[in-house]
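Here is the structure we will look at, set down as structure tokens.
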Amino acid sequence: MIAAGCDVGSLTAKAVIMDEDAVIASKIIRDLKTPVESARAVMSEALREAGLVFPNINFCCSTGYGRHSIPFALMNMSEISCHAMGAFWADRSVRTVIDIGGQDCKVISLDAGGMVSDFIMNDKCAAGTGRSLEILSRCIGVPLEKLGAVSLKSWRPVPITNKCSIFMELEVLQHMYKGRKTADIAAGINEAVAKRVVTLARTIDMRDEVAITGGVSKNIGVVRNLERLLDIRFKPLPVDPQIIGALGAAVFAANELKKLRNAEVAV
Amino acid sequence: MNVRINLRAKTVFELKEYRIVRYLYYVLIRGYYLALLLLPYGVISLVARYVLHPFIFNKETRFNKYIRSALLWMGGGLHKAADYRAHLPIMRIILDYLRHHVEPIKNRKKPLIYLGWCVSPEFMRAFDVHYIIPEAFSVTGSWLGRDVSNHMLEVLESEGGSIESCSASKFAAGAYFTRQMPDPDLIVTSSHPCDSGVSFYPTLQNVTRVPMYVLDTPYGDDEDSYRYFAGNLKAMISFIEKNTGQKIDWDRLRRSCEELNKTNFYLQELTAMTRAIPSPVSSQQLTVAWAMKLMGSGSPHLTEMARIMYENAKKRLDRGQGWLREERIRVIWWDVPIAFVSLYPWIEKEFGAMIVGGDLMGRCNTPYVDTSSEESMMLSLAKVHLNASMVRNVRGTQELFMDEFEQIIAEYSGDCFIFVGHNGCKHGWGYGRIKKDICKRIGLPALHMSSDYSDSRNTSEESLKKQISDFFIGNGLA
Amino acid sequence: MIASGFDIGTRFVKVCIVEGRNVLGYSIEETGKDMRRIIKAAYKRALERSGVKKRAVERRMATGYGSELVRKADAVVPEAPCLARAVHALNPEIRLAVDVGGLFINVTGVGARGFVDGTLTNDKCAAGSGKFLEMVSETLSVPFDSISDMALRSNSPYAINSQCAVFAESEIISQVNGGRSGEDILAGVLKSIVLRAATLVERSDASGMVALCGGISKIPAFRVLFERTIKSDAYIPPLDPQIIAAYGAALLAEGRAAVRNKGSVGAACPGHARVMESR
Amino acid sequence: MTIMEKMAEIAGAIDNHYLKEARLAGKRVIGYFCSYIPVELIHAAGFVPYRMRAVGSAGTDLADAYYAPLNCSFVRHCFDRALRGDFGFLDGVVFMNGCDHTRRMYDNWRYSKTGPEFLHMFFAPHVMGGNAAGAFRESMANLKKALEKSFGVTIADDNLRNSIRLYNRMRGLLLALDERRKMKSPPVSGSEMLGIVMAVTAVPVEDACALLEEVIAFIDGRGDSHSGDVRIIMLAGCMEEADHLRLYEDSGGVIVSDAFCFGTRLYGRALDENIDPAVALAAGYLGSEISCPRMMDDFPRRIEWVARKAGEYSADAVVVEKLKFCDMWGWEIERLRRESKKGVIPPVLAIEREYLGGASGQVRTRIQAFFEQIRNRQEIDDAILRSERAAYYVRK
């Protein structure tokens, strides 16, 4: 039985195809014009990788910003549930997921079945998200991917106190004008972003193990700062953090399939 | 499966219990005895003023953050040599106030009351109870360094408190959640000055689960309103009597009211003297006096402080001498950002600018307390409450606020007007147009900044300074 | 006398060289990592374009957010006097200058003789800034030049609700995904900037024409929307609107008498006020 | 047009033909701002009380010259409408010292010299106990005096009694409607209920009663209107946007009870008709069923109300809506969350947004995720119930 998960986000679209309890294909593409197009494209690429065609999919679940409009998805789940389930599927010991994506940042606490028991999402302000990192890293002329590595060289991170990512930029500019080292500013940026996440994370009762997902989890600087500030060690996940959402959707689809089968058996 | 672990306990955010109070208290006691010892020689005042001043006030750095609070208490650069004597009573006031924190921590003998911001503490003196003003933490705490206040605000925000509220309430809540103050037996608060207090105290009550009395503030400014408020004060007295078992000592109340009258006389004179050009009173002195009045209203030390400040200022006035060697700009400043301690010395030094009028201590128009009978005392104390700075400005119609504003502009001959829009002060933002129109009508250059009372994450000190200097230069004042 | 003005903004470095009131040449460079080098390069290019030797420039004045970076400047001034001076020199009738830049909208009242007559800046909100427009056009992958055409094509501009720029951006993404056209969104972003600027203009109660300058005012659609909102025509300077502040700085430098001390900001200005008075 | 569509139409506009008719008949219309203003007093003077609203506002450009973006967006929208002259049909406005923003609206309104001559500030205490009732009666007397003086009318006690009776009748009808929301699939949805309450506060109370009777007849006739699997109680202040509520309903939520200003706060409890009208009004308004967070000493009762309602209406969750920059609701949310963690009330979802802010993708995601969380909880509860029952059967 083939279950598929499709995550149409703000920048990229992701698809995961599962056969029973094994991932057989996953794909990430950049967004096309409409969410429907992106979903179709990413799904057909993933299907090609798995050597399948559209009619093979028994059940598909969608998530992400465009989740409501995917024609071939039979159900949709919120990103929060999908991230939780995806991380839980990858490692059954995970009880808290910190997901820092492009536009938002969520801290999710899970129950023993991988379902959401409590969550918090940034609503006041977008400082502490991938987008603010992107803006700030461009400001100091360091590519986003290298921000983490660059910041590790620093001994004295500059303090960045402002809460708003746009006005953080002014502060960063000021430090640049003063001639502070790029590494120090990069470290300051990472620390500031991590701090915003920590403020959010403390609202939730966090339990071990904690996993970090989303694009920002690739930034070693933010991750280390988070570990230091929260005094935890993140549980490394065996899958690409970017497809966690689609993976969670696929798991939901697979679960739904199982339910349907059980119902058939019962009948 | 892992056991449920609360990770909160391990975060570096954790501040030790009662850290702020203990630190302040013990540093202050040492400073006090040192000052007593060295005062006759005038040594510290010299050292503080000329040697340490540059380290203390110019910038917020890691080095001076730790030593500043200690030196601040020794009067580091706050006063001139003559005014330095006023620092001893100041230290006594703060010590007396901090004792209300420290004694209940050690061994609670008397009941402890949380007292709302703007509820003046004379009654607590008459009851012989301990009292803590939670919001005063935003004043005392910020002396310990700006990261302390940021820390408190962050704690509160991560507890889920209201982010948009006044940072004084937020600071207080943060201080409670990090256990900087002992649990109370009673809460007495008021529904003034603004929504932040109105909405924050029920939370304190919810977490502490103690009885709370709310002094309801009337909107009007007539005799009926005063009578209503006096009635509320009476109800408050019986509430405290019922819940603590302590009886009010009317004689003590009378004594502290008389003390208050004396203080007010000096303070009124002091603020009136800022009308002189050049002004013989420093803006820092006024702010310190305001903070002290918050903590020690009705204390003889407050009178002592006010008297010394007054006498010195009077001498300067008679000589025609100003506080600054050269006073170039006279600023009327509404809503001073208290946590930015280094802002005043900076504008004084950099631009020769003096803050001559403002809403906190600009025009001290506290009514006289008529101590002839219990009845009259209650009524005039109601007037005192409803006319305290910050309360009279915002509890009623705009005329109460704007008339005073126009009067200050007329009387204090300011060259410009600076208004700091605090994030939490919805009133100030709501007045925007009216205020600007007044400035326009009078032709006073006005700067309206967006900042926060004690939150440097909102607007940093550098940005404030840049805005101010741009304003001064742009208007040809500096 | 030849003088130069530097305007170091949050997004661009502008250098302008004048003789008398005539612009000899100017240059605009994007800000980047090594600011000093960029400023130097911009200065060099401006000199090349104006055909003036470095030595011939007698006075230099710097303004803008990073004005302290200009080492050679004789003095550093805030933007407001520069704007007032420049606008006054271009058209003495103007009483209000609106500068819409990368992060801030500055409204400067211009006195009858070119003094500053009150200033207003937008409240802290990034969703109505040029930076935000840049972010959005990037998200929509629309080049900056074609923003105007696209925005003008819209019939129903999308009203942006979020105050935070980044959240507004995510709102926009969900609108794009929901099938709203890029035209409507760009027009909506422009409108939100226009409204902020117009509110400031409204608050300043100035009479007469309003001069529009700053990088954003280069976008024709912005001008159109702005004029429609304030219900009167705006004065568009004959220069590149982005360099107005730099031009003003150069004029101030040119008009200044013998003050030659850099550094102390306080000392710079009584001088400049006096100079302007004597003109 | 069904009666429900008619109600939605009245709710969606500032003015309506009932009001127009009343005006043609020579009646004056007095706007009022807050749930603590005794409308009976205005009605007894022979006027039509009109609950102020900003619905369908075009923007806040005009009001922004007076207010800052840091002020409540509802207040700014309202004031903007006033500046645009949309409230031109009013003969007076009664304000209340509800919160900092509305207090300044009174000032700005006077200062801008828009709108009617009669502008009155009604003082309502921030507490319920103590001398509050006396103060409330006093400010009622002030309002009465001001009305009588400005319009040359007299407000007799008998008229007041009559008005109380009329309004009690309206409250009773609304309560009867509310009662139907206890059903498993309520015949009236939350968004419809909001529309109804908004409509009846915009028309003369006599018409309102007639309309409500029609509504009840219609609703009883149609059976189920909406079903979903997550039953929620919604708490909010000035909630005017039925579209926004529909967002919850589309995600599978059923709004079974609410504490809106256009909701239970209006009709929660009938006034005592048998005592002195002034006393009855003060007692009824100050001790209303569910108070506004501005009442400082009333949080325990509010939480008790939510807990009780959650039981009565078998609600699974509580949703709190807050407009940005509202201190009152900001701290109220903090307290509700605390109580929810203790298990006193069901799980709480707090949504913060701007008035007329629409639903961004973020809000939608949050609602959906919260509902998924609640459903999961329901499943676990079901499973526990089933297993318990199984054990029970085995034992038997």
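To keep things simple, chains are lettered A, B, C and D as they appear, and every chain counts its residues starting from 1.
Please note the rule applied: a contact is a pair of C-beta atoms (placed from the backbone, for glycine too) under 8 Å apart; a residue touches a chain by one contact, two chains touch by 3 or more.
This one's a predicted model, so the numbers in the text were calculated from it and none came from an experiment.
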Chain pair with the greatest number of C-beta contact pairs: B-D
Approximate Å spacing (C-alpha centroids) for the pair chain B, chain C: 40
Rounded Å distance, chain A centre to chain B centre (Cα mean): 46
In chain A, residues with contacts to at least two other chains: 65, 103-104, 124, 170
Chain B: positions in contact with at least two other chains: 159-160, 163, 421, 433, 458-459
Contacts with two or more other chains, residues of chain D listed in rising order: 65, 68, 70, 324, 361-362
Contact graph of the chains (line, ring, star, complete, other): complete
Residues on chain B engaged by chain A in the complex (per definition of touch): 1-2, 4-8, 10-13, 150, 154, 157-160, 163, 456-460, 462-463
Chain A residues touching chain B - in the complex, by the definition given at the top: 93, 95, 112, 124, 161-163, 170-171, 174, 195, 198-203, 205-209, 228-232
Complex interface listing, chain A residues touching chain D: 65, 77-81, 103-104, 111, 113, 115-119, 121, 123-124
In the complex with chain C, residue positions of chain D that touch it: 59, 61, 64-65, 68-70, 324, 353-354, 356-358, 360-362
For the chain D and chain A complex, residues of the former touching the latter: 347, 351-352, 361-362, 365-366, 368-370, 372-373, 376-377, 380
